[in-house]
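What follows are several structures.
Look at the two complexes coming up: chain A is in both, with chain B in one and chain C in the other.
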Partner chain A sequence: MRCPELACLALIVCLAGCERETRHFTADVPGPAYPGPRAQTGTVAGRAENPYARNAYAVNEGKRLFRWYNCNGCHAEGGGGMGVPLMDAEWRYGDRPVDVFTSIHDGRPDGMPAFGGRVTDDQIWRLAAYVRAIEGRVASATAPNRDDSLQEAKPETRRAGQ
Partner chain B sequence: MITLESSLICTCVRAPLRARRAWPAALLLLHALAASAVDAEWPMASGDYANTRYSTLADIDTSNVGTLAEAFAFDTGVERGQEAAPIVVGGTLYLLTAWPNVLYALDLTRPGAAVKWKFEPHPAPRAQGEACCDVVTRGIAYADGTVFMVTLDGQAIAVDAATGAERWRTPLADVAHGETVTMAPLVVKDRMLVGNSGGEMGVRGWLTALDTHTGAVAWRAYSTGPDRDVLINHSRYAPFYPTDRGTDLGVATWPPEAWKRGGGGAWGFVSYDPALDLLYYGTANPGPWNPEQRAGDNKWTSGVFARRPGDGTAAWFYQWSPHDRHDYDGINEMMLLDLDWQGARREVLVHPDRNGYVYVLDRKNGEVLAADPFVTVNTSTGVDLKTGRLQYDPGKDPRAGLTIRNVCPAAPGAKDWQPSAYSPRTGLLYLPHQHLCHDAQTYTTSYIAGTPFLGVTAQMNGMAGTSRGAFTAWDPLARRARWTLPEVFPVWSGALATAGDLVFYGTLDGWFKAVDARSGKPLWQQQTGSGIIGQPMAYRGPDGREYVAIMSGVGGWAGAVSSGCLDRRDGTAALGFVGAMKDLPMPEVKTGVLHVYALP
Partner chain C sequence: MSGLPLAAFLDTPPLGELSQDALRAAGPQAAATLALWWPTLALCSAVLLGILIALGYALATSGRAVRSAPGDLSSLANREPGLVRAVSVGVALSTVALLGLVAASAATDRKLASLDTAGALQVHVIAHQWWWEFEYLDADVTRRFVTANELHLPVGRAVELVLDADDVIHSLWIPNLAGKRDLIPGHTQTLRLRADRAGVYRGQCAEYCGYQHANMALRVVAEEPGAFTAWADRMRAPAAAPATPLAQQGRAIFENGTCAMCHTVSGTPAAAKHAPDLTHLASRRRLAAETLENTHDLLARWISRPNALKPGVYMPDQAYSESDVQALTAYLETLK
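After this line comes the complex of A and B, so read on.
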């Protein structure tokens, strides 16, 4: 009777494995560079760099907050929808950490709501760090890895530009 | 003989003298049938109150459609999805673009249809970020020398049809809470009817009636909440099924307070039966999408209301998808037909729903006479005609933490907003639709005003073994499809049926097509250069000739991948629609061009 039990166990393990998302072993080819206007100058809260840019825990926290605050409802996993895509190279309002912070904090006129005052600045920096990871612009050692849940796009560790 | 007959008929055409001079006399001899004031015009997006989208014009028919050629084109310069139907009244064509909702009047009496006037309402730019599925509008309505329109940010506006001057403007929607308006208003007597969008943003759905003379709100009927808000007066409310009877079901069928952000918008087409004096319209999906956060039937979402236009009170209600699990809005068009149903003449309402069934209801009382699947459906097993209740398959119910795969039809349903047509000559419905399935995972979501209230990650795919798009002729009496034309992409345009036994529709890869209404045989097609998601219509020009018009301009939920420049590497983009649209031609040309066709 042991053999059927083992077979049964193996089957369960296999089926459980089926529920994981697809593994991606190669990074995406980077998209074409956006030729439009570059970021405006200036800083927010006196910071030019994101304090969490190399902090894996904070970037992963940013990913959790990205769903928590319904960012994913508009921007999906980076491909966009109601909101602009975040995984491509086009940054309408600039791609520096401070620009991303400002977009989240103050909102943007074509539909991005302002989260400043509703969300702490510290959480916005974590979100801004994750937004850069969506495009694949943080080190793969820092970026979130494959989700356990439905994830259609490649995991952040396997995106372009690292 | 033909020439003589035509000449005689020509004298009956009530065209302005100036217009007749503008065209060669030879063209005036082409009339095949006497023109009437009715068939010359197309005063509302759906063509008529019954929502049949049937034109009595027959100059263009199965024998000559092959020679159809472009008569003129008009570029609006707005490069977002163009879902609107042009309308034609009194020798003028009126056209509303997607955001920023520019209204044009084109003078059809002048060669090339010169612009008569242009009206720019300047809607709030932020509305673009609150509209779930591209920044579309579905059209306008004409009545008593006035064009009625609604901007994306929900301002109902009356514009003088002769001059383009604004008569009044009434803001209806709260953009900060995710409300937008995309539907085409309907005018019934002195009421302008407008419903809201925003089921993905946790809005509370409503249909509002405004006084056409002043713009004052006459009544507003909510789709959730207590009876006094839903305009249910129990002495005058008589639904057919017991499950729709009871006090304050719009509160009792929700967890506490959940009805306040429960969705149920009214963004589809409104129908009207003048004899019964009843309006018919569908309500959208409940919010949030995650059904585990809203136990109960979630009335009055994903259903159909019959209401009296005078005071808005409900006559009856029926729910297509109680406690909707899969984003099956119930807003698809209601075609009001009189059919010989099983030996008796019945006044019915025919409705192809997102949940995959073509419903035939008695439109006097809401009794379901038939509900038959027109695609492969695995989310339900049928509709119980005794109770009227959809029988869900619990195996496809979303459950927190589980990825439910191969949910068919997918969130946009077997057929989304794209309106069908009905030809009384063939007795067939013409359904533009799609074969899509989705994988979805739900999670608990929080309500944050002005942000999506979903609780789901989904991605769509084509249904195995069939094409993603389809154009189906459905026989409502035989309760089966007569023929289906496969299309590569979901057919996101409306349909038009004509007395020339032709049916017109457009495709997301830019083709505008005419097929034989009886056999489905493709007879003519023209490439417009951008995806078509508009509504074809036909009119008789001031020169007496039949014209067929369509807006071209890729977008909408299905075409958002192109119009919104979304990233195709993420199949969950555009609420998962990108998963099924990754091969939409790229670069797809973004335009907003009106194309008008006539016989040479």
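After this line comes the complex of A and C, so read on.
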């Protein structure tokens, strides 16, 4: 039988259909629109999914932007500092993707600056996807597994969570 | 080898023409490499020719057996006459030729290392995915300045390029001026060269570095010292405030929107370091590491849709209105 060939073929087909590998270069990806200003966060109906939650490229992009926009200046590499730690399972403003998005877009009263308008919404979704990877909440196959700089913490692929 | 007059290898492309050609050396480093390259080519061609002639001779002079005859194995029993001699001569000749090439390359290496760098201009080159940053160093820090993608050099003065990479491994190759050298994150290297002929030379990243590696080129403008000093003085000046209302509106969008999160325009609040310095963007011939001509239309298209022109680039597409794009373009065009 031609099992190895068939197995290879099946693997290639699976990979091709895998959301993990898709690279969205332009911003017009299907995804939820910005859910609205802070006052409405609590009322956003349902649980909007992050369009990039399963996309390894976008999560890695989020990681790059986390450094570029100096999030780690306040949140260290997710461990906190001037800002709250993002590595733990405690969320002051909720852990749904829209809450994380809103935290970044609108800022939060105790010193989290608003990035909305200064950063594209598309990039905020990427950042939000990465913020959840910091805590180990994206699949290990999707989480970034290499660093461009020294990092004390465990790689995101090895963090607790699902 | 070292006695060869390198000047014989210098060659100038027609003025005003962009050249990317290792056979047109514009400085001593490229000329020294060329002085090794031509003899190596000649020697290797002679060897190849000799082998082909010997092969042809052997084929022509050996006897032919009829198709049905059994294989002739007689040479296993009594060795061919002259075989040992032929092989020994071949090995001896190859050894001599190869040792000659080794000696010649060692001499070339010495020649490359012996470039006199007293009073050299120092430029810190930082490779990014997928563009080049140049910081012109100076003992007086107030005289340092940063620019991107277009490297100006004074003719006749040695230059020391201090090479670093920001993200992944890249390689700097300006064929008319010098051989390649890798830029490795966390490991600073130097490349020394000198341009002896004025001209415009194209360089290229020569180490695969991701999606837009092929569009990671640079332009080297080698000019007379006077012209170089004038250019450097222009580069040191901060950006002039825009005069027209449209450009002023563009500046406001630039500083309050996303652009200032990545780019620097010196003399303004925009001071981020993740993207090419735009202080004198309008003076550059091309955009995005030689990808596009720097024209009004292409600049406007780049501002809202960089990913349509250089897919995967680390500058996001943005949904600006047509009037905002025109304002931003007008502002960037004032950055002479």
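By definition in this document, the second predicted complex is superposed on the first by the 113 of 162 C-alpha atoms of A that agree within 3 Å, B and C clash if a C-alpha of one lies under 4 Å from a C-alpha of the other, contacts with A are read in each partner's own complex, and residues count from 1 in each chain.
Methods note: contacts are C-beta pairs under 8 Å (C-beta built on N, C-alpha and C of every residue); 3 or more make two chains touch, one makes a residue touch a chain.
Not measured: the values here are computed from a predicted model.
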item: Partner chain(s) touched by A:140 [first = chain B, second = chain C, both, neither]; value: neither
item: Contacts of A:69 with chain B and chain C, given as first, second, both or neither; value: both
item: Which of chain B and chain C A:55 touches, first, second, both or neither; value: neither
item: Dominant toucher of chain A (residue count), chain B or chain C; value: B
item: Touched partner set for A:23, first chain B, second chain C, both or neither; value: second
item: Chain B versus chain C as contact partner of A:120, first or second or both or neither; value: second
item: Contact residues common to both interfaces of chain A (with chain B and with chain C); value: 28, 68-69, 118
item: Residues of chain A touching chain B in the complex; value: 19, 28, 31, 67-74, 76-85, 87-88, 90, 109-113, 118, 149-150, 152-154
item: Residue numbers on chain B that touch chain A, as the complex places them; value: 125-132, 200, 401, 403, 439-441, 443, 445-446, 448, 450-454, 457-459, 560, 564-575, 578-579
item: Residue ranges of chain C touching chain A (in the complex, touch as defined); value: 167, 185, 256-258, 260-262, 274, 305, 307-308, 311-314, 316-319
item: Chain C-touching residues of chain A, taken from the complex the two chains share; value: 23, 25-28, 64, 68-69, 117-120, 122-123, 148
